[in-house]
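One chain, chain A, appears in both complexes that follow, with chain B as partner in the first and chain C in the second.
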Partner chain A sequence: MNLRDSAERLVRASAFERFLISAAALLLSIAVGFVLILAAGRMTTCGTAATSFLGVGFCYDPITVYDRLFLGAFGNVFADPLNGQFATTLSETTVLMFTGVAVAVAFRAGIFNIGTQGQLVVGALATAVSVLAASTLVSGLLGTVLLVPFGLLVGALFGAAYGAIPGLLKAYADANEVITTIMLNFVATSVALYLVQDHFADPESAATQTVPLPDYAVFPSTVFRPRDDFSLLAFLFAAAVLVGIYVFLERTSFGYDLRTSGIQPEAAEYGGVDAPRTVVTSMALSGALGGLGGAVYVLMILGNFQTGIPSYGFDGITVSILAGNNPLGVGFAALLFGVLKSGSIVVDVGTDVPPQLVGVLRGLIILFVAMPEFFRMIGRRVWTFEDDPSSRPVADGGSGGETDE
Partner chain B sequence: MPPAVRLDGITKRFPGVVANDDVDLTVEAGTVHALLGENGAGKTTLMNVLYGLYEPTEGTVSLDGEAREFDSPRDAIDAGVGMIHQHFMLVDPMTVAENITLGNEPRKWGGLAVDRERAREEVTDLSGRYGFDVDPDARIEDVSVGVQQRVEILKALYRGADVLILDEPTAVLTPQEVEELFTVLEELTAQGKTIIFITHKLGEALEAADEVTVLRNGKNVGSLPTAETDREELATLMVGREVLMQFDKSPASPGETVLSVRDVGVEDERGVDVVRDVSFDVREGEVFGIAGVDGNGQSELVEAVTGLREQTEGSVSFEGQQIDDWSRRRRIREGMAYIPEDRQERGLVMEFDLVENAILGSQHREPFAEGGRIDWKRSRQHAEDVIERYDVRPPNADAEAHSFSGGNQQKFIVGREFERDPSLVVATHPTRGVDIGSTEFIHERLLDLRDDGRGVLLVSSKLDEVQGLSDRLGVMYEGELMDVVDPETVTEEELGLLMAGEYPDSYERAALAADASADDATNTNVAGERS
Partner chain C sequence: MSSDSFGDLSWRRVVGGAAVLGLAVLAVAGVVAPESDAGRLLDILTAQTTLAATLRLSVPIAFAALGGIFAEKSGVINIGLEGLLIIAAFTGVYLTDVTGSVWMGVLGGVVASTVLAALFAVVCIEFRADQVIAGLAVWLIALGLAPFASQVVYGGPNTTSVETVGTLTIPLLSRIPFFGALFDATPFVYLMFVAVALSWYTINRTTFGRWVRASGENPKALDTAGVDVQRVRYAAVLLSGVLAGVGGAALSLSLGQFTGNGATMVNGKGFIAIVAYLFGNYNPVGALLSTMLFAGLDALQLTLQARDVFAVPKPLVRTIPYVTVIVVLALFGRTRTPEAAGDHYESGDD
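This part shows the complex of A and B:
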């Protein structure tokens, strides 16, 4: 069995096989992390050893660390399903669902949108500012019913417009979207900083942030406790968006155009797809989803706009790759990320392990789990265009076709 | 002397398929052996076994009388077997010498650096020894496909190959390059090398090989010296029945003009004029053929007509309407079907299954889409209809396009395009790489469409095809339409000269370019200037 065959098998792996591969990768990353934690524990000095193997004492106990990292994220979920830690996990997951699917849509169209972060920042700021302005007009329950959808709409529109810029540049000026989107991330962050500092700053706060939105203008917490910054409603909305995007890609004419352009641009052109228009529309859609992520971040977690937004947009890239760019898979990948983010906090608080080491452990897990998917993606690209004789099955009178997926 | 290659009872099974069934093959040293068969007959699989890409389910491989087992192509290469694939594996920006020595470069400074000088010398020596005309310093991207193929052969020789396997070596070559290749093969065998080449073309097998082995459905149905056989016998062996090379064609009864091309000029990506001042008409109920050596502007002309490329001059009308600013989508919608030259890049999305491919081009149209939603049930039905009517094998609509052989991919495209109910069919090399049975079938369907009153624009580099099917025949040379002739009366010699850009002595241009009854001023002028 040579490397080529194995690579091909990976490319054509079914959803179930891919799940198994991911699970194996997860275990492997834990094994490596285990050794790292022990080694780091040997190199520090501590009063009492946290654990000992074969008579050697170690300052950090890997089992505790991983227990906290994974299970900590769920809190005491069976006794108290509404606990704060679990709420944090889900709220991280919600934002990552948007950024993940934003990146996935662009990837499926064959566009590397690295600019989800910028689109999220633009959407977030636009939402905060416009909802703040509109919140003087209505209030109470009516305020919530009107202002939250309004804020989401504004976030989506601004994100779409900001995403359309690199789309237009790529379609009509042949500018590489990787470079333009990266640059536009910086532009978004800097402009947001300037606007908040000079125009929308909260005069009573030392931090660079806007005035807090009134309670009726943000997502109601629904079932969960208000102080946990999580709204079940927002989570359900995110899940609906994922399903919607999945249906859009698989069941609509435009989704067909988009997927075809992503896999085989020449065939798309042959099939009557207007390539430049598809690029612009896909980028606008991707930007809209990123902007929605920003709106949800503002309306659910922050309650206003602050500079220094976490790297949800960049995490979205990994989430999307992990999910094989499948909108439904994005839900699960986002949950894994949410668990790790929220679990890290628990490890930080509950053990002596330094936060940097926790970061390394998180990175390891993502690296190991994402790697096969990443190879798969690259492999698919290579495979479409290369007609290697060894991959050409015999046609006469046999089945010879893959029927998975 | 033991034979250079001996395959004994090779059987190769894939899940659900027997690709090779107890195949024996003996190739004597210093000879050219042709492996002949239709698409999917198991030729490539058999050679992949010899090259170590596949492990045979049963059977043995021996070289020079010695039994061998190869785990990978590396083992086969070490044993002196080289394979030249249909798609070259060369690094475009690197030079010929660099490509040939790649992976086995001569070293200097104790193995730390590549000795480029020696690499150049060795390559020059090697190509000199076999009479190859190859510049070691040329970049691969700058040389023709024929030269690239010779580089591939040199690469195999450089690695010490004594047995060379060529997979469909002529598929990508022009007729001249094919002749040159055959000369190269002669030179190689004269120096003791053994050649096996895979082909589905009878003529080539007879011309270039000493012996032919015919495979059908994975079985060896006969190994014959070429001196003792002929086209008919080989064709019968290949398909298991008599092949009719004749076209059963009723006289054309042309109607209205469907497509009218006027003074069209097209530039390629580099801004070079590749089509100049071309005018012709295609009428309902006729096949208008365009003959010519590949690369004389036919592809670009067709792309301008079908909306994949913008013309720089002139105009195109379809059913009486000027369509110069019509998008590709609109052209499809208005009834233009198109069988593209490159089926794997344009005609099919290789990662999509046939259900998804069945609506390529119709993804926004009823009945497959309504209100922006695709009706997958209908497209499945459509895919299955095409598969059944056009005999696509295996008949599995859920299989991805890349899993079908070239011939079956082509049948699916042809079916999809014909079933559009088109008023014009543009067919480019519709039978390239397709086996004889399917070729015949595609020809019949093209003529059916013609008899049904559709217009057909046929571009092909196969002379017998384009001459046999067409009612009027245009010949292109260097982007210009040399003339439009009557395929019934034109002689082989006249066609040859026109394709080479010359007008035969005392030759009068036929005034067939435009519809004779609706005499077009532009065309008469063009014809007048030249004659």
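This part shows the complex of A and C:
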């Protein structure tokens, strides 16, 4: 059997199993979160218990929290499908689609790009600064038509360049990309802070941020209300990018090289794949997608660059892992995380439970998806589960280096 | 492989030599012209407070690095050290606050870190999770959990201030210029030197150390010899939890507060620890030396920020340790990792 067939089979055969594992991991995380909310409710003090189990009173009621978290994110969507909370959910989803697919592309190539956060910061700042500079040249509808694509391009290019650095270091100096990308996240945050403080600060603002972009230089709010910072156009663009990346990975020869490098690096090299070049290109592509996420964040949500960017890059890791590193799956996983991020605002306003809960869930989900063997064991006990030892459900790209299983 | 590691070794010498030469040039320039930038930099470098800060900043990194050495030598790459430091740093302060005793706080930090390491061990060893992904999960869980708990208990990502661990000053010796800092430090600093020596001894001179090394290099042989590979790995990962726990608790209890904004007060120290032991070639003494290099740069940048010596903007000064880590990793990335690191080992009769 040739390599292509076996590699294809490996991915397809486990697609359903992957879905089951992701769903199970999600449920298990929610269950652990449930206990955590109860435990947190014992650590704090309150006048009256919000709920009680087995005669013990707890300050926080997990059911209320989860209700706010998951349903709150949709607002009153049936009465008003364009409501602000739902718009927030979708705009969070849009940015997460980019960071999720950015991580997925790298993982598929067998590279752990933890630096999407930094690549997003670099892309966002570059977009904010260059679009501001270019916005004096054109205006009106023509301005939007020219400036938004220009901003996206700049974000992608800067993200690609920043992503290529750890790629080059890995390809030619064998420097572990997990460490270099994490270090580059710190560097990106500090350098962005410096650049905004010393060079691009808005003189009229006390906060560390750049001058706001004019209305014609950002994504037009299509259908939804302008104040909700969501653009259907940006969302559709993100969806198109996911489909594009899917087609690129599955249908092009470079996409094939990239995937093979992730599953079987030795075989890929034997088959004539230039390994260092693939590493650099994959990281540049991953960085470009992260940079695009930053550009969309600036052009749709912020309207300028502000320091203290939310951790979209780290959420992207969970989104990608939950989606089995599949670009189309990233869309659904991003929506789930968009719900969580938007819902955490509702939780923050409506309950006393800290919104950082979502941060804990983010880690738990990764942990549980990373241990498919656990669910297989349970599965085998409950019903006869088709056990395929050759499938590596989580990170077919992740386990890159080892093939001797 | 042998020629590779030899080449690596000579690289180390070249860079080491260049560093010594650079320092010598700086020293001469500083002595000749004390009013120049070189003179002022030399002044900072030779200040007793700089060494004191270096030692203080070394503690969390060194303990995490020692833990990382045990885990990775046994074949389990523990990327989650950062998470262990975070959880220990928070729990240390929390339990100090609750019990009123700093040492109970340290114990609490160690327990919290070890529990999280145990979870990591089960996931990796029992459920064959990809070690890197599981390690990242440990980091992200702690990154969420510590600020969450802090918010619940203290109403914000930062805890209240608690009692700190005082310094232990050895009379007379502490008055030696510069090196006096070695004798006027927190108990954690002394403990760090003891832990380094003990770790070196354990790895190189004890049966357990031999098992750990075999478990990472040739698990099959160890299995054949009748030693349970998985047990050795469990022990090594738990030990990494204990060590990182001391480091994390030391970090927060030296300052008396846990700050949980952004990357938390741990701020990448767990990842720097990984580079420290890679650079130190998995040798505890080497790891300590490279830790002190990174911590020294951190101390230097803190002093530079505080004294405003050069006109370099503060955010850029702050990147010095991170950039150094990247450069070091680029030069020494080819460190030979244990043969079976990252691989799951399944005993034949399973």
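Miscellaneous remarks
Note that in this section the second predicted complex is superposed on the first by the 288 of 405 C-alpha atoms of A that agree within 3 Å, B and C clash if a C-alpha of one lies under 4 Å from a C-alpha of the other, contacts with A are read in each partner's own complex, and residues count from 1 in each chain.
Operating definition for what follows: a contact is a pair of C-beta atoms (placed from the backbone, for glycine too) under 8 Å apart; a residue touches a chain by one contact, two chains touch by 3 or more.
Treat the numbers as computed from the prediction; the structure is a model and nothing was measured.
Once chain A of one complex is fitted onto chain A of the other, the partner contacts of A:Asp274 are limited to chain B, with no touch recorded for chain C.
Within the superposed three-chain model, A:Asp198 lies in touch with chain C and out of touch with chain B [touch as defined at top].
In the superposed pair of complexes, A:Ile179 makes contact with chain C only, with no contact to chain B. When the two complexes are overlaid, the chain among chain B and chain C that reaches more residues of chain A is C. Of the two partner chains placed by the overlay, only chain B lies in contact with A:Ser253; chain C stays clear of it.
Legend: residue contacts after superposition of the two complexes on their common chain; A:Val211 is shown touching neither chain B nor chain C.
Judged by the touch definition given at the top, the superposed model places A:Ile263 against chain B, while chain C stays out of reach.
Once the two complexes are overlaid on chain A, the chain A residues touched by chain B in the first and by chain C in the second are 394-395, 398-399, 401-402.
Every residue of chain A that touches chain B in the complex is listed here, in rising order: 2, 251-257, 260, 263-264, 266-274, 380, 383-403. Contact residues on chain A toward chain C in their complex (touch as defined above): 36, 40, 43-44, 112, 114, 169, 173-176, 178-180, 182-184, 186-187, 190-191, 193-194, 197-198, 308, 314, 317-318, 321, 353-354, 356-364, 366-367, 370-374, 377, 394-395, 398-399, 401-402, 404-405. On the chain C side of its complex with chain A, the touching residues are 79, 119, 123, 126-130, 132-134, 136-145, 147-149, 151-153, 157, 262-263, 267-268, 271, 274-275, 278, 313-316, 318-319, 322-323, 325-326, 329-331, 333-334, 342-344. Residues 14-19, 39-42, 44-45, 48, 53-54, 72, 85-87, 167, 217-218, 308, 327-329, 331-333, 338, 340, 342, 344-353, 356, 359-361, 363-364, 369, 372-374, 376, 393-394, 396, 398-400, 402-405, 407-408 of chain B touch chain A in their complex.
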